[in-house]
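Each structure below is given as structure tokens.
What follows is subunit A paired twice: with subunit B in the first complex and subunit C in the second.
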Partner chain A sequence: MTFRQTMRACRSLFRIRFAEGLQYRAAAVSGVFISVFWGIIECVIYTVFYKYSQNPWNDGGMSLTQTMSYIWLAQGMWGLQAMSIDGDILEKIKSGDIGVELCRPMDLYFHWLAKSSAGKLGAVWLRGLLTIAAGALMPAAFRLKPPDSAAAFGLFLAALALAFALCSCYAMFVTAIRVNITWGEGPTYMLMLASGVLSGGYLPLRLWPDFLQGFLRLQPFGGFVDIPAQLYIGTLAPRDALAALGVQFFWCVLFLAAGRAILRRRLGSVIIQGG
Partner chain B sequence: MGRLSGEFRIYIKYLRMHLLSGIEYKGWWLMLLQVLIVVVTDPISTILLFSRFGSIGVWTVERIILVYALAVASFGLAESFCRGFDYFPWHMLRTGNFDRLLLRPRSLFTQVAASFFHIHRLIRAATGIGAAAWALGKLEVPLTALNIAVLAMALAGGFVMYCGVFVLTSGLAFFTIKGLDWINILTNASYQITRCPEPYMPRSLKNIFTFLLPVLLVSFYPASTVCGWGYPPWLGFLPLPAGLLFMGLALIFWRIGVRHYKSTGS
Partner chain C sequence: MQIELDDIRKGFKVYERPQGRWGILKGAFTRNVRLVQALDGISFGIGEGELVGYIGPNGAGKSTTVKVMSGILVPDSGECSIFGRTPWKERVRHVSQIGVVFGQRSQLWWDVPVRDSFEVLKDIYGIPAADYKQRLAELCCMIGVEHLLLTPVRQLSLGQRMRCELVAALLHRPKILFLDEPTIGLDAVSKLALRAFLKQENRKNGVTMVLTTHDMDDIEALCERVMVIGRGKLLYDGSLSGLQQQYAPEVIMKVNTDEMIASMYSRLSLV
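The block that comes next holds the complex of A and B.
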């Protein structure tokens, strides 16, 4: 099967899984409740620190209004990150159905990439959009403000698309590691947790200790949440955007290549589990 | 009384069984490590915020950690010893396994509560208690018998309250079967509010988490009574009654749910 045919099959798979994710509208609404609740708690906590703490000036270059916007964007984008391996694929690894998958005349990596990323996007885009909309409707003190400038908004959208690609490639990288492990989810879970903590979703990366800033700018996971959000609120100026998008793109390619290589190696000695 | 001790024996027997079958897996202790890492990373953002911005008036990082740790520890206890209800909507109701419990001549409550037990869940409780002890040491609180009793009652009340949350979820699950994710607001998200000092909390949040789900009653007020933060000391004695009241209401939902039940799954 040629590359072009694989791509066509992947496009169909993407459409199917995407539509599937939309079936669970109640889950999306339920999810919006959770995100909005978390968002409000975060807003309260950051406001208290910005207004009543001993050193409110030490804000890492992020004003309170910018932080409020950041919180809502982070809540909206949070869903893009995989916090576990795609359920369908994990089931196939565990039950031995991976053997059947290998019989298909397609590149397994792109097959799974299309499937897992579409499943993710289908399940979260509505939740994310509604969460961000809720953020824009909050009382003035907690509100998501409009983007810093038109350029900032355009760059935000570009970074958002790259964030989706990066999250998907990272999820596939972790999935590739999971193939052939027979003793549980520990290592993959740790990898997912590390990405979550360093993405900016826990704490905006600018508010981490100053001596870590250089590392935080270059590490891969800021591309999940922090880079798009910072471009939107303007703490990352448009003239620095190219470098930030470059970091996202670089890690995206690296995870893609590494994921493919690992998957190929693992499939060389694949253990068909279950029975 | 005889019946109650009989139920308790069954409960312990179930837990022993789950424990023994759990540690048959070679890498079971890896899960302990995993939960420990999750529990320790959770308050990182709060600690980093304090290290950047400094204390909020009189509210130092130790005080906040104490309140937070009390809430987390009681959640961990409930998660450990009432795991069956936590899992109930997902692993019992949807699969139809609940039907089998209905056939047995024992109380449903015991059977469901003991239907799952994971030793690694105790790590959350242990870490929480450890962190609370550290904070108490830093705040130089004398460990008199009364103080220890107040803290123990706070943990017991919180334990009962969070068990009540799981029971309530299970009761609601009879009606909805799916779409119960929002309950996360009452579990993992609920103790996040303790990261905010009580005087700075918006009134509506304070009311919700005092009167609807008494998280503040089982964490903040006992801590205040023990450390003397200027709130009426009797507030520190409320956790147990509040927890029991919440559990009572949850049990009503559970009863209604069981009566409504018409089997699911296959």
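The block that comes next holds the complex of A and C.
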């Protein structure tokens, strides 16, 4: 099968899953409420820390205004991260329908990557946009400010696209691990929780202890949320952007290769269950 | 021979909890492993254009054989050659030339119209646009699903869905079609429609078909050759009438119940 045909098939799969994801509009709206609710709570907490802290507060070079913007961006991008394995695929792994997927003349890894990433994007893009819009409409003290500069905004968009790719590749990497049907859900939840914590979605990575900063810059999960958000608010200067985008790209390729290798090895021994 | 299997063997491990009063606790630490031989040396050959019924009790190894022939399950030992290739070694090339219908599994996308699923399959199999259009029209006309194309799959009845599944499996003009219980759960009318369609496709395009089923009317209506499998071994390979003579000469089949029910339904204009 040629590369071009694979791409065409992926595009087609992407389109159909995206259309499916779009159907969950009620879920998107309720998701916005959750995100905005959490966003406001975080705004209040950080305001308290910044303003009323008795000891000097190590803000890692991030001002309160920047932190407010960071919070809303993080809430908006939160949906891109997989918190569980694509439901459709998990169902197939459990029920044995994986056999039907293997009857297609296609590389299963790219088949699933296209499907799961499209399902994710279809379900969350509306939620993300509305959350960010809500952030921009907050009272001045909690508001999402415009980007640091035009260049910062352009780089933010590039990093956002890479963040989507990286989240998708990581989700597929975890899915490949899950294909070993005798394991259950435990390991995959641990992997996804770890990535969530290290992405900066809970606590901006700048606010972590200084001695961890070197590690935090190089680890894969900052690429989910932290790198795009920092580019937007300007704590990551445009001149450092290339290195940051490089980190995102590097981990993308690494997860892609590793996930594909794991899936290929597993498929050799996979047991398709049931009649 | 288009399909050739030679001494195919496949075993599965079955994990069992230890018995006895402390079985539950013990089971948390140790498991008894039992090896079940699903296929215990299966050999047969099928020529081009044959329509073969593959029957046997539940758990006999029918589906396992179909999975091996589809290239999605690797046997422990034995040779299998289809179009001169080993299915699981060249899976992608192999599956582009076969069609598979699993009666209990769907290959259509649940939430979108049937036509959308077909279009995705078109791209996956790389069917040229003109050919796709012609083939789709031909299949839809033959099996009568034109009016369903815009309906989301979740709103189809089982019979309607199975017809669409068949169209999906045949869009890329496979030379071999594996059918795993295609008529399961269908009403008499849908069964007859499905059978007529399979027969026509076999005769017109010379598609080789292997049909596993528990419905002997399927076999009687479609297959000249029957293979019976039990406990992973091939027990009989020959004509259906031969099977009757060999095992149950006293049984005489006269009534075709499906025809009977179908004519009742149509008399009462239920369909």
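Convention: the second predicted complex is superposed on the first by the 268 of 275 C-alpha atoms of A that agree within 3 Å, B and C clash if a C-alpha of one lies under 4 Å from a C-alpha of the other, contacts with A are read in each partner's own complex, and residues count from 1 in each chain.
The rule we apply is simple: a contact is a pair of C-beta atoms (placed from the backbone, for glycine too) under 8 Å apart; a residue touches a chain by one contact, two chains touch by 3 or more.
Since we're looking at a predicted model, the values are computed, not measured.
Engineer: Which holds for A:106: it touches subunit B only (first), subunit C only (second), both, or neither?
Structural biologist: In the superposition, A:106 touches subunit C alone.
Engineer: Just to be sure I read the superposition right, which of the two partners does A:38 touch: subunit B = first, subunit C = second, or both, or neither?
Structural biologist: A:38: touches subunit B, not subunit C.
Engineer: Under the stated touch criterion, which partner chain does A:11 make contact with: subunit B (first), subunit C (second), both, or neither?
Structural biologist: The answer is second: A:11 touches subunit C but not subunit B.
Engineer: Considering only the touch criterion stated at the top, classify A:97 as touching first (subunit B), second (subunit C), both, or neither.
Structural biologist: second
Engineer: Which chain, subunit B or subunit C, ends up touching more residues of subunit A in the combined arrangement?
Structural biologist: For subunit A, the partner with the higher number of touched residues is B.
Engineer: After superposition on the shared chain, which partner residues are touched by A:83: those of subunit B (first), subunit C (second), both, or neither?
Structural biologist: In the superposition, A:83 contacts neither subunit B nor subunit C.
Engineer: With both complexes superposed on chain A, which partner does A:20 reach: first (subunit B), second (subunit C), both or neither?
Structural biologist: Touch status of A:20: second partner only.
Engineer: When the two structures are overlaid on chain A, which partner does A:193 contact: first (subunit B), second (subunit C), both, or neither?
Structural biologist: After superposition on chain A, A:193 lies in contact with subunit B alone.
Engineer: Per the contact definition, I'd like the list of subunit A residues that touch subunit B in the complex.
Structural biologist: Those in contact with subunit B are residues 26-27, 30-31, 33-34, 37-38, 40-41, 44-46, 48-50, 52-56, 58-60, 183-184, 186, 189-190, 193, 197, 202-203, 207-209.
Engineer: For a test of understanding, state which residues of subunit A touch subunit C in their complex under the given definition.
Structural biologist: 1, 5, 8-9, 11-13, 16, 19-20, 23, 95-97, 99-100, 102-107, 268-269, 271-272, 275
Engineer: So in the complex, the part of subunit B that touches subunit A is made up of which residues?
Structural biologist: For subunit B paired with subunit A, touching residues are 25-27, 30-31, 33-34, 37-38, 41, 44-46, 48-49, 51-57, 178-182, 184-185, 189, 192-193, 195-197, 200-202, 205.
Engineer: Tell me, which parts of subunit C touch subunit A in their complex?
Structural biologist: Of all residues in subunit C, those touching subunit A are 12, 58, 63, 67, 70-74, 91-93, 95-96, 98, 100, 102, 104-107, 109-112, 116-117, 119-120, 122-126, 180-181.
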